[in-house]
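Shared chain: chain A. Partners: chain B in the first complex, chain C in the second.
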Partner chain A sequence: MTVFKTYCKVLTKCKWPILLYTVILIFFSAFNTQNNDTSTMFSATRPKIHIINLDENSDVSKHFITYLNDHSDIIDFDSEEAVSDALFYHKISCVITIPKNFGEDFYQGKDVHIDIKSTKDYQGSLIEMMLERYVKVATAYVSIFDDHHDLFQAIDQTLATEVETSIASSLDSDSLNKAALYFNFSNYCLVAGCVFVICMILTSFKSDHIRKRTIISSLNYKKYNRQLLLSNGVFTFVLWLFYIVLSILLVGNAMFTLHGLLYMLNSFVFAFCSLCLAFLIANLVKNKEAINGIVNVLALGSSFLCGAFVPMEMLPEGVLKAAHVLPSYWFIKNNETLKTLETLNTDTLQPIFINMLVIFAFSCLFIIISNIIAKKKRKIN
Partner chain B sequence: MHNYRYTLKTLFKNRMMIFWTFAFPIILGTLFHLAFSNLEESEQLNTMPIAIVDNMEFQSNEALVSAFTAMSDETSEDPLFTIQYVDEEKAKALLKDEEIIGYVFVDASTHVMIKNNGVEQTVFKLICEEIIQSNEMINTMIEEKMAQVGNMHITDPTAMIEQIKQDVMERMQEETSYLNDTSSEHMSYVVIEFYTLIAMACLYGGMLGMFAVNCKLANMSHHGKRVAVSPTAKGKLIFTSVLAGYTAQLVGIALLFAFLVGVLHIDFGDNLPLITLLALVGSFAGLTIGIAIATLVKSNENMKAGIFIALTMLGCFLSGMMGVTMKYVVDTNLPFVNRINPAGLITDGFYALYYYETLDRYTMDMIALLLFSFVMIFISMFQLRRQRYDSI
Partner chain C sequence: MEPVIEVKNLTKEYKKLKAVNDLSFEVQKGEILGLLGPNGSGKSTTINCILSLLKFSKGSIRIFGQEMKPNAYDIKRKIGVVFQEVAVFDELSVYDNIDYFCGLYVKDKKQRRQYIEDAIQLVGLEDFKKFLPKQLSGGLLRRLNIACGIAHKPSLIFLDEPTVAVDPQSRNNILDGIKTLRDQGATIVYTTHYMEEVELLCDRVIIIDKGQILASGTNDELKALANMEEKVTIETKHLRKEQFDYLQSLPNVLEATYQAHQLVIVYRQGNHNLSHLMEYFKQEQIQYDRMYSQRPTLNDVFLKLTGKELRD
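For the complex of A and B:
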């Protein structure tokens, strides 16, 4: 109990960094999971655009804007600089300028062009397609319809023709996405939290004068090690439990499903692995000041390379291949696979359990290496 | 000069300090590069995998068959789709395994099946609709033409209908665009991450200044006490120490720049003198924060470093380091925050050089940075002047 008490005493000194990691986790999760699309009906993506109409008097430009208004969100800004900023930061996907003689050229059958500035991402391409579609239909009809009213009616009618779209999945994909996002990010917090705290505490216990005192005390060294190991285990378990409670608060009911349970199990296995990694680092490093640097490089490195911050599918292939040597990769891969699993049975769950086994194998490897190092460092002069 | 040389030596021998100010930004830059190098490419419209249920109804719909064949033509530069022609069961299985984004099923009408809502799915639906709409167009145009011709005698109505059909199909498949793209070439928002990194390095460099000043403060170290009783003018000592801090800081920034431009090929725009000037002023701002914290906070060195790092990280966070969106959110909703945030000003200065053709915004950022630095210096001087100890 003496060791455990001392452990808790040192632990309280590390409360600020843990709190900081937690605040970052909450903030990140809240920031990225605002989207509340739980519908199983198709809803089209509405790109955000800004329109500069230099041909205000023509009825075709007005009709064109009405069409755009139906399929996208038109946003107005105070200044030109605000428009440029919004386009750069992808807050709008496209700036559309309707040129001065648009209406006149259109009715005279001349070539019409619309000036655009686009972000060139999916949404930018989507709005470009919408624009092209309108102009194609309108320029085809203008040669046939003499009456403007009939012309616009025909354009509207054609553009309103839709295909029936249905969503095949019965999964609550939004909640599972949220859960995956949360647990992916928790990679950073678990690694940073565990490694930082455990290393800080163990280096305190390992500083020469304290170690010498412990060695000559009546306390059996096996009991001492056991208590230390147990204290670390308790700490990791509490940290994991804390993040699970947080996940229930942030993700909601999806955590009480079988999917949620598997997310928890996966993160438990990973928390154990983080504990083993922390043990290894603590055995390697003696200098307290260096720990901060190591923690940052390890936690940030594994998070960036394995897809905790940037989705896995957006990472270059080479990076993902290199990431195979990190346990975080297998943890995050499981999170990503879980969100797409519609039916849970032994066949579909097999890859999940294999990945968990890989994480467990990493843990064993860390324990073996730390034991070898500890054995070599046991002597004190 | 003597003090300058020795302070410089002391600074370069402090391994932890060198790690945080020199190595850490470079490590972080490498991680950013590895993680973000594919980000913008993956957000662009790429070839989409889809399936088509290959039944009788589909095969008899000429418009659909020819349109999908044209859009999946592998010989074209970037085909819109890669298509698998399968039966319905297989299509469902493919969708379930996310090997395709959706499939088309034709019976009396055309159906699109997708797994979840998204931009890719919207584009897929839009393209299917476009094909259906071209049929609708043909019918509308024939009807209108017929109505116009009315009772007049048409020699060959089938030829007219064929002509309209051909016109519409050509129009729908033609490559010429009605859009005149005037987008800027400098649209990569990922560069902001690297700009915040420079901002972080500039400010972290202030730790060197803080350390240099701490060594000269009588209440901070034995070294400071010895210095305090020496006959050398305190102003001179502080100035040379700070100058040494600034020199070390500039070495770090130069290394980071060389790494970002030479190894990671980050685009900073073309105006090298103004980029250098911004880095110099940015580092100076970082230095002044370091000095201000060293003089204002009456606590031990760890506490000072903690406050310094917390402030710097908060500044970097607000300027978009942990997500570029944050900079935009702060800039639009709380503009004054990033006007007094040196990390925000440095990032914005680089952004202005990269994205804007005029220098107005850059100049404003520079003025704000200089003002900030002078306020910090003024506060530090006010705090430091006439500091005397009878005993300590």
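For the complex of A and C:
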């Protein structure tokens, strides 16, 4: 285990960069999860509406307008043209027209129809819902109460009733959002950590002079390579485990759900891919000074291009298409998909596993290229 | 007695260039063999072929009576190598570096610890155990390089120009260390282009140039090839032509030159050449600044064999 022990000794010299990447990860994850809008918090809005009342003398139309006034801001305009403009430019959410003889038809039990022109946005839809609700309640009570005062009181009471609602979904979207953010950021740390550390260490071990000294030693060179490979594997696993423990601390119990386990599995596959990428870079680079620059280009570049720092939805389509050639894209895509998956079954998980396979294919490609380069180097002698 | 190293007809070709050309030699147990030659003469290539670091085109190499191959780990266990280039980890301390390279051979922790201490003592790095290589001077770094190569107490040691660019104090320390290793029974192959080191250390010398052996033997045997006994140099501004002609015509004088107020007389033989010369200068009342005598060097041998200086 001489090689492994020495690997660990050299590794301790690289502890500061790893700590720096971790601090960056914690800082950005904490910062973003604090600023992230939680989808479980709602607040009421007051849409702006305009009412054209063609049945001004009816007490039911007056009551209806009072109801609307309680839940929205009624705006008056001078002309029909001004109303049309306001609707077009979304200055108001809808125009409600109470038809002639509305009150008469209502008391006679006929079907009443209130015309509504809406912007079709969520505020317009809200007003449509309120209107529909009023008409349903009012038509239900009109046959019961003879006295108009009693009728309006009953309508008001019913409409004022608040129903307790709960979200039927069992998805802890807040925690999953946090997890997605954390693992997206971990793309940078895993790539930077693996490539930097493994390249730095392998550059030392594989430097021509030390390699020569190792070849002439009595340690079987294949055994030596196996020990080195094992050391890199152990390092990557420990780094991954460290980030998983950190994710549990930052995200919480959600990491112990099936969603959380899938996040872990996805990051494990990606950590393996980062290890293979590090092997490839270590085979290409001889100069330790160049490693820092390469790490920055690879880790930062892939993180920006693939949506680790900026949400994927905000990236131009061209950039996202180009990002397909990077394993980070498939890793981040999985994180983004996982946070929205309501149910986990074979059908919904299929794209997740396909993306993992793509990451694994990238790993194989990196290994093959590394071996070709290593063989070519050996042939030089 | 079976030789420790037996090289027969070794040839290494790089395309059309023959870096080593039909080289054959043996190294006996307990001796220090010097491979002497200018830069690019094929010394390091020969060593690399012997150690199976390079594939060779022709010939055979046997070490400890067995054929040397890349997977001959039993042989490799008994070999220590100190390359010309410093091969250490920048990230590890002096102690950890020696520990790693010794650990490639010695598994037993306790034994290894003892070996490391011995190696540190041998090269005189006791005060620098915890230092990183970048904190060491060039000379100390070379000593560390040696310690890493010999810590596992090999019985056959290859030292490839270990004193290149080393300060005199470190050079002396290194040479003393090599003598100690020889005294402990190690067989040593020492390549260098410093003839003084070869003369001081080696029991036998092989002179190589352009991948071929020009001559081999003990120091004295090789110096005999120079066909001279003594070289006397006198710094004087007052030598007349007839006096110079007289000195040149003496029967045991091989060659005499007088240039830039420096008279050099090479004697073929004779035991009291210097004292005879001093008497002549006194008798002729020739004033001189300095007069000194030199025995023939390996450089003279190399000059005689190739027509060029060793450091050309």
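The rule is simple: the second predicted complex is superposed on the first by the 242 of 381 C-alpha atoms of A that agree within 3 Å, B and C clash if a C-alpha of one lies under 4 Å from a C-alpha of the other, contacts with A are read in each partner's own complex, and residues count from 1 in each chain.
What we mean here is this: contacts are C-beta pairs under 8 Å (C-beta built on N, C-alpha and C of every residue); 3 or more make two chains touch, one makes a residue touch a chain.
Treat the numbers as computed from the prediction; the structure is a model and nothing was measured.
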{"item": "Chain B versus chain C as contact partner of A:T22, first or second or both or neither", "value": "neither"}
{"item": "Partner chain in contact with A:N53 - chain B first, chain C second, else both or neither", "value": "neither"}
{"item": "Partner chain(s) touched by A:L300 [first = chain B, second = chain C, both, neither]", "value": "first"}
{"item": "Which of chain B and chain C A:T337 touches, first, second, both or neither", "value": "neither"}
{"item": "Residue contacts with chain A in the superposition, chain B compared against chain C", "value": "B"}
{"item": "Touching partner for A:S204 - first (chain B), second (chain C), both, neither", "value": "second"}
{"item": "Partner chain in contact with A:S217 - chain B first, chain C second, else both or neither", "value": "second"}
{"item": "Partner chain in contact with A:T2 - chain B first, chain C second, else both or neither", "value": "second"}
{"item": "Residues of chain A that lie at the interface with chain B and also at the interface with chain C", "value": "none"}
{"item": "Contacting residues of chain C [partner chain A, same complex]", "value": "51-55, 70-71, 73-74, 76-77, 79, 81, 83, 85-92, 96, 100-101, 103-105, 148-149"}
{"item": "For the chain A and chain C complex, residues of the former touching the latter", "value": "2, 5-6, 9-10, 13, 204, 207-210, 212-221, 381"}
{"item": "Residue ranges of chain A touching chain B (in the complex, touch as defined)", "value": "24, 28, 31, 37, 39, 42-45, 81-82, 84-91, 112-123, 125-126, 128-133, 135-137, 139-141, 144-145, 154, 157-159, 161-169, 173, 289-290, 293, 296-297, 300-301, 304-305, 309-310, 313-316, 319, 340, 342"}
{"item": "Contact set on chain B toward chain A in their complex", "value": "16, 19-20, 24, 27-28, 31-32, 34-40, 42-45, 92, 95-96, 98, 109-123, 125-130, 132-133, 136-137, 140-141, 144-145, 148, 167-168, 171-172, 177-184, 187, 189, 322-325, 327-328, 331-332, 351, 355-356, 361"}
